[in-house]
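Presented below are the structures under discussion, each in the form of C-alpha cells.
The following pair of complexes shares a single chain, chain A, combined with chain B in the former and chain C in the latter.
Coming up: the complex of A and B.
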C-alpha cells in the first residue's frame, strides 16, 4: 500500500505592504491599543508588537478567526543595553500560507506572561525553554520547569546578555556541583512523580488489593533512545499511563556561543547540531543570513545547494531506516543503509574534506566550487542507489513482523498533530501536506517537479512509508538538478560578504582592503531580523536571526524540528504498550544534538 | 654459629633465588595468557552522545567492522564491559551519569576519549560543557579529530591492546581503585581550573602523555621506554 501522494500548493508569500495585509489590519482594528506597533522584518514579513497583558487574547483571535493554526516557535530575545526582554511568537497560517510574528516586551525583573498552552500544546516545551534560558514566567503553564539545564541549576538564565559565556561559577565549582548531586535523588519516586502534567493516576484498588502503577526509567544512556534521552514512564501493567521525556543531557550552548562568533564562524557550529544531515543545516543558516543581508546567490550556487540538501535528506532518512529497523529487531537494513551512507560520506569528503562536519556553505555562496567529477559521482549514486532502496523495501514493507510492530502503533490524527507541533515527515504521515519546499519555496524549489508524500493513518508504518517515498522524490529532484547545473561563479560577486580573488588581493589596493576587513572584522550584517526556514530531513528547520549591524549576531535561534517532534512523544505513546514505546520513539526521527542544542 | 647463620642466610637466599624465577615465570605466563585474553576480547561500552557517536556506529558497521579486532560485542551494560568509549560532548548534566557508568564497570577497565569535545571541550567553551572528560574519569587514550574517522577509533582500540600487553597482573598500581573516589571528580579543583583554561587541556594532555611537543609522530611502540 503506497501512500497517497499529493502536490502542495505553489503559493508565494505575499510580498505586498504589511499594512495592507487584511489579517494584520483586522487585528489592529480589533485590539486597538493592545497593538503597540507594527514593523516589517528584513524579509518583508509583519512583526506585531503586542501588550503582554493581552497577548493571549490576540493569539487566540489569530488562531480561531484568522487561520493561524500552526505555532512554529516561541522564544526569548534579549537585546541587552537596557532593552526589555521580549517573547517572540512565530505563527503560520496553513489556510493562507502566511507567516506572522508576534512580540511582547517584558521587564527584566519578574517577566510574566500568560501561557499559550491552552491554545497549542506545542507551546509546552517552547515555553519551558524560554523560561529556562531567559527566566520568562508563563502563567498557567502546567509544568514550568527547567528543560535543558539541570533542574537545580543555580547560575541564572544562560541566554540573557548579562550571563557570561563560560558560566558564572568556576569550572571546578561547576564540576563539583554536577557530581555532587545524589543520583538516588534523581531517580527517586518523588522526582519521577512530579514530572508530569496529567497527574499521577493510581490504579483502582481491586477487591482490597492495593495496586500501584510502576515507574520505569529509560536512559539517559540507553541504546534505544538514539542518544542521551531519558524517558520516565508510568506503567499500569504494560500500558503506558504517562511518559515524560527529560532532555538537555547534550545541551551545548550553541545559541549562546553563536552570539560570540562572527556570522561565518557560526557555520561550523550548525553542522554539529544535526550531524545526521549537516549540509541542510549549513545551507539553511546561510540562507537566513543572506535574507537578512538581502543578497541573491548565484544560479549555480542554488542548484549545488539543492543537490547538497537532497543528498543529506537521503543520508538522514537512511540512518533513520537503519536504526529504526534495529530497534524493532531487524539488523540487515542497518548494514545495507550504512553501506549507502558511506557512499554519501565519500561524496561529502570529496567536496568538503570531512565526512560529517562539512561546514560547506558560506554566507553568499559555498566554501568552494564542487571538485571536478563530483557531479558525475553524484549522478552515479543517484543511478545505483534505488537498488538498495528496493532491497530495503523488500525486507521491510511486506514483512509480517515489521507490519505487525508498526501498523496502528503511535497513531495521531492531522488536527492533533498540528496542535502538538509535529513537523516534517511525522506531520505528513498524519495527512497534513505541509512542506516548506512547496509552501514557502526557497532555492527555486517551485521549479522542480516532485511530490510530497502524505499518509493517512499517522502511525509508525505511515511514517516509514513517507520517508521511503521521500527518498525517491529526493532522487527525482537530484536528477533534475544534475541536469540543470549552470556554469558560472559559485559565489556572489559582492566584496561585502565574499573574499575577493587572490589576484585582486595581491594586485589592487581595493581588493586588499576588503580582504583585510572581511578577515579581521568579519562581514557586517545590517540591523534587522528574519525568521527563515527550510525543510530539513526531520521537518521545518527555522532560523530566527537578529542583527544589530555589527559583525556578530545578537540572537541566533535555531528552531529544530526534532525538538518539536520530541515534545509530541507523550501524546503518541500514552495508552500504548511499553514495547511500542521503542518503536514510536524511533519512528519520530530525533537527533539529540538538535533537541538539546 | 656464624657458620649456621651463614648457612641459614644462604639457604634463605637460595630459596629466594629459586622462588623468584618461578614466580616471575608464572607471573609472566599469567600476563601472557591473561593479557592475551583481555586484549583479544575487549568489550566496549559505547557512551555515545553526539556527532562522534555516529562515527563510532560507522566503525561498528559493515565497512570498518570493529569486530575484526575482537570487539564483537558492543554492550550497553557497563557491568559487562571493559572499555568505555566516550564519543561526543559531555555536559555537566550528563557528567554524573558518565561517572556512575564508569564506577559500575568492573576492573580491569580502560577509557577512550573520542573526539575533541570529549577530550578538551572542543570548540564549545561554554557554560554547559565539561572541558574534557578527564576531569571526571581517568582516560587511557585520547582520539583527536572532530569527529575522528572510524580508523582513528580503531587505532585507539589497538593502542589499548598495546597498553594491555605491557601490563602485569601482579602490579597493583594499574588496577587500584579507591572507594572514596567513587562519584567524585578525577582531578583536584586546581587541576580542573588549570586544564579548563582556553587551550589548557590540550597542553595538559601533551604533558601527561610524555609529549611535550607534538611535532614528532609517536606510535604506540615508540612510546614504551
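Coming up: the complex of A and C.
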C-alpha cells in the first residue's frame, strides 16, 4: 500500500486565533520571524509553527515567561508525500490552564533540532522515542539512544511513512541481527552504565582493598517488574548509585498499526495498551476521534462512559494497591483487592463480553447499550466496595512497617515532578493539583461533585494516600452518575458514523447503503488534527490524532502516562536502597503494555 | 522407682530419638500445610484441597514432587558448597529439639523416663550454639550459587542473624537470672512452682519473640528471601529437594522457636492450675510431688503441643498480616532498639531482684507477681515509646502529618 498523502492545507487557518490568545500574540510579537504560521486545530487550540533553528528559544520563553511549565508530549509527525517531517511539542500552562502546540518542520534527511532536555527533563524519553521512530536528532540530548526498538536496530525509523508495516528486513535477517551481538558485552560494567548523565561513581579504593560497584540486572524476568521491564542498577552495597530502565520488550507498534486500520479498528488496540484499565483507553480514544469529527455524543452515552471510566479507575487503583503491598511484603491486601477486581471484571464481562480487552467504545457511542440490570449491579458494587477499601486501609495506612517503608521514600517536590514529567496521582502526590477532569473537563465532569486529592511530600506514602482517596472519590462520581443515567439512545443518530440498526439495513435502501459504506470503507474523518486527553487511572492519557479526510488515521499518537512516569524512575531512586527501588517502581504505577506500545 | 539401668537407658534413648524425631518431621511437614491453609483462610481462598480430604496429604505430594524433580546446579556454582549448604541449614534446625522436654516423665516398668532426648547440662547454650550454625547454610548457599540475588540474600542473612543472636542471647539473660539454671527441664519445674515466666518477664518475652522472628528469617524479617526484591534471596538458584531442605529448615526453626517460647515463658509441658503434673525427681532418683502416670504424661504432652501450636499460629498469622521491613530498618531495630533496651532491662530487673531479696521475699508466687508488676510498667512504657502516638493517641496521627491528602474542590 503506497503511503497516503495529505493535500495542501489540512488545517483551517483562523485569522482571529492570534488575537484570541494573548500569550500567542506575545510570542508572535517577540519572535516575529521565527513564527512561520499560526493555526488552530479541530478543537480550536492554537498550533504555532516555529523555525526549528529557534524552537528552543521559543520553548524557553514559553516556559519561563508564559507559564507553560508542563511538557506533555514531544513526538514526530510524517504526513508523507513530500511534506517535511515535523516535531510536535504539546505544552500546558498550569497557571492559565491552557494548552499550546508547537511544531517545527524539518527535512527528511538529517533532521536536527535542539534538545529541550535543558528545559524539561521530561523530554528525555520523549525525544529518545521521536529519535527512535522518526530519526530526529536532538542536539544536546545527553543520551540519545533508541528506546523502544533494539539498540542495534538497523532497518530505519519505523513511523516514517516510507517504512513498510512489516519492516525492511526478513524475519530471518531480523533474528540474525538480534543475536549477532556479543552477549557478554551487554553485561560489562561500562556497557550497563550506559547513560552517562549521572556520573557513574566507582567506589574509592580503600586501603589497598580493590572494590568495585556491582551491576544488578533487575528483570526482564523478576517478580517486581510488573511486566517485562529491565532495570539495570549500579549498586554500592545495597545502595543504588544509578538505575537505568530498559524498555521496549513488549513493543507492538500500535502507533504504526493504527495508520493501517480504520478509525474504529483502532479501538481494540487501545485496550491492549493498558489492560489494567481498558475501558478508559477505549473511551479516551473515542473521545479524541469525536472531537476531530466535531460530533456531540448522546447524554446517556456520556453518563455510561463516566461510569465505565470510574469503574476502571477503581479497577486499576485496586491492582496498584495490591501489587504495591506485595512488593513491600504484605501479601494479604493483594488478595482482598483482587476479590473486588473480580467483581468489576464480572461487570466488564456482563457488558462487553470480555473481561480484559473490552473494546467497549465506538466512535459516536458505545458498542451497545448496557444490558438490563447492569446499572443495578454497578450500584451494588458501589455500595459494598467501601468495606473492602476500609479493611485494606486498616491493614496498611497506619501500620508502622508500612509507614516506615513508604514515608520519605522516592520523594519528589512539585516543581521537580512537573519538570521530570510525572503525571496523574504521582504528580498530585507531589502537590500539583492537575487533573484533566477538573482542568479540561470532558464527558461533563464539571457537573459532578468530587475532590481531587493532593499530597505534599510526593513520596510513596502520599502516592498511596492519593490513590486510596481517588477510589473513594470515584465512588462518589459513580453514585452521582448512577442517579442521573438518562433514557434515550446510546449512539449518535448519524449514519456517517454509527451503523444503522439491523431492521433498517434489511428494510430500507438508505440503511443498507450507509451500512455498506461504513463497513466497506470505514467512517471518514475530516482533515485536521487534535490533541485530546483524558485523566486515566495512571495520569493524563493523550491522543494526538491527525486525519486527512480518509478512512484511516495519518497519525495516532498515544501519549501514555505510564511512559512518562516510568521515565521519572531514575530520578526517584538514586541513592536509595534496592528495597526502596522496588517500592518506588511499584508506587509509580506502570503498565508495560502502554509504556512499550 | 529408681534410676534406669544402663541397658534400659540406652533402649529408652534410642526409642526417644526415633519417636521424637520422626514425630518432629511429621509436625514440620504438617506445619507447611498449616501455613498454606491458614494463609488461605486469612486471604479468603481455599488453599490446598486436592490431595486427600482438606489437602492433608499435600506435604507428601510435595515431598514426592521435590524428590522427582531435577536438581539444577547453576553454571559457575561452587558445587561442594552448593551441595552442602542446605544440609548445614537443616541439621541444626532439627538437632535443637533434643534439649526440649516435651512432657512429664513417663513411668515404665524399668524406671522413670524423662521425655526429652538429651537433658544436657548446658541446656539452652546448646540451642544458641546450634542456632548460630544455621546461618552458615544460608550464607554459603547464597555464596555458592554464583548469582547476585543469592549473594545479596546471603549477605543479608549473615548480617541479620548475627545481629539478632546478640539480642536473642540478651533476652534470655533474665531467665537465667531468675532460674539460676540453664537446663530446660529445670526451668519448666521452676515455672510449675511459681508462675509462668511470661508474667514476671513480660518484656523479656516480647524481645525474645521479636529476636526469634528475626532469627528464623520469617516475615516481617524475611530479608534474606524478600521475594519481591531478591527473587528468592539465598535460595534463588536452588531447586527440587535442596530447595525443599531450606524450606524444611525454615519450618523446623519455626517449630523450634515456638517450642522454646512455650518452654521458657509458658511453662513448657505444665498444665496450669493443676498440681497433678508437678512431678519432680530428686538427685537420688526419688520422686517429689505428684505421682507420675502414663496419662499425666499424655496430658502434659497435649499441653505442650497446644502451646507450641499456638505460637506456630502466631508466626503464620504475623507473616500474612504485615509488610516486610527494609534491611536497614531491621538492622537498626536490632542494634539501636533491642540491644540497648535489653541491657537497660537486665539492669532494672537485676535491681528489682536485689530489692526483693533485701525485702526478704522468697522465690515463689509473690516474688513473681512483684516482678510482673514492674514488667507491666516497663512494657507499657516501651509500647508507648514504640507507638509514637500513632495508635494510642489515634487522632493526633493524622494531624501530625499535614501532607495527608488535602482536597481540591
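By our rule, the second predicted complex is superposed on the first by the 566 of 597 C-alpha atoms of A that agree within 3 Å, B and C clash if a C-alpha of one lies under 4 Å from a C-alpha of the other, contacts with A are read in each partner's own complex, and residues count from 1 in each chain.
Definition applied: a residue touches a chain if its C-beta (ideal position, glycine included) is under 8 Å from a C-beta of that chain, and two chains touch if they have at least 3 such contacts.
Keep in mind that what you see is a predicted model, and the values were worked out from it rather than measured.
**Student:** Quick check for you: in the superposed arrangement, does A:377 touch first (chain B), second (chain C), both or neither?
**Tutor:** Neither: A:377 stays clear of chain B and chain C.
**Student:** For A:335, is the partner it touches chain B (first), chain C (second), both, or none of the two (neither)?
**Tutor:** Touch status of A:335: both partners.
**Student:** Please work out whether A:398 is in contact with chain B alone, chain C alone, both, or neither, and reply first, second, both or neither.
**Tutor:** A:398 sits against chain C, while chain B stays out of touch.
**Student:** Of the two partner chains, chain B (first) and chain C (second), which one does A:504 touch, if any: first, second, both, or neither?
**Tutor:** It touches nothing on chain B or chain C.
**Student:** In the overlay, answer first, second, both or neither for which of chain B and chain C A:93 touches.
**Tutor:** So A:93 meets neither chain B nor chain C here.
**Student:** A:179 in the overlay: touching chain B, chain C, both, or neither? Say first, second, both or neither.
**Tutor:** First partner only, chain B.
**Student:** Applying the touch criterion given at the start, work out whether A:250 contacts chain B, chain C, both or neither, answering first, second, both or neither.
**Tutor:** first
**Student:** Who does A:355 touch here: chain B (first), chain C (second), both, or neither?
**Tutor:** In the superposition, A:355 contacts chain B only.
**Student:** Where does A:480 make contact in the superposed view: on chain B (first), on chain C (second), on both, or on neither?
**Tutor:** Neither partner.
**Student:** For chain A, give the residues common to its interface with chain B and its interface with chain C.
**Tutor:** 222-223, 335, 339
**Student:** Going by the contact rule set out above, which residues of chain B touch chain A in the complex?
**Tutor:** For chain B paired with chain A, touching residues are 47-51, 53-55, 57-58, 61-63, 76, 88-89, 91-101, 123-131, 135-136, 146-147, 149, 183-185, 189-190, 192-193, 196.
**Student:** Can you name the residues of chain A that touch chain B in the complex?
**Tutor:** Result: residues 149-150, 155, 158, 163-168, 170-179, 181, 183, 186, 220-223, 227-228, 248-253, 256-257, 268-269, 272, 275-276, 319, 334-335, 338-339, 341-342, 345, 355-357, 592-593, 596 of chain A touch chain B.
**Student:** Where on chain C is chain A touching in the complex?
**Tutor:** 39, 42-45, 148-149, 152, 219-220, 222, 226-231, 320-329, 386, 390-391, 397, 402-409
**Student:** For a test of understanding, state which residues of chain A touch chain C in their complex under the given definition.
**Tutor:** Counting only chain A, the residues touching chain C are 214, 216-217, 222-224, 238, 325-332, 335-336, 339, 395-396, 398-405, 433, 435, 438, 451-457, 462, 465-466, 469, 577-580, 582.
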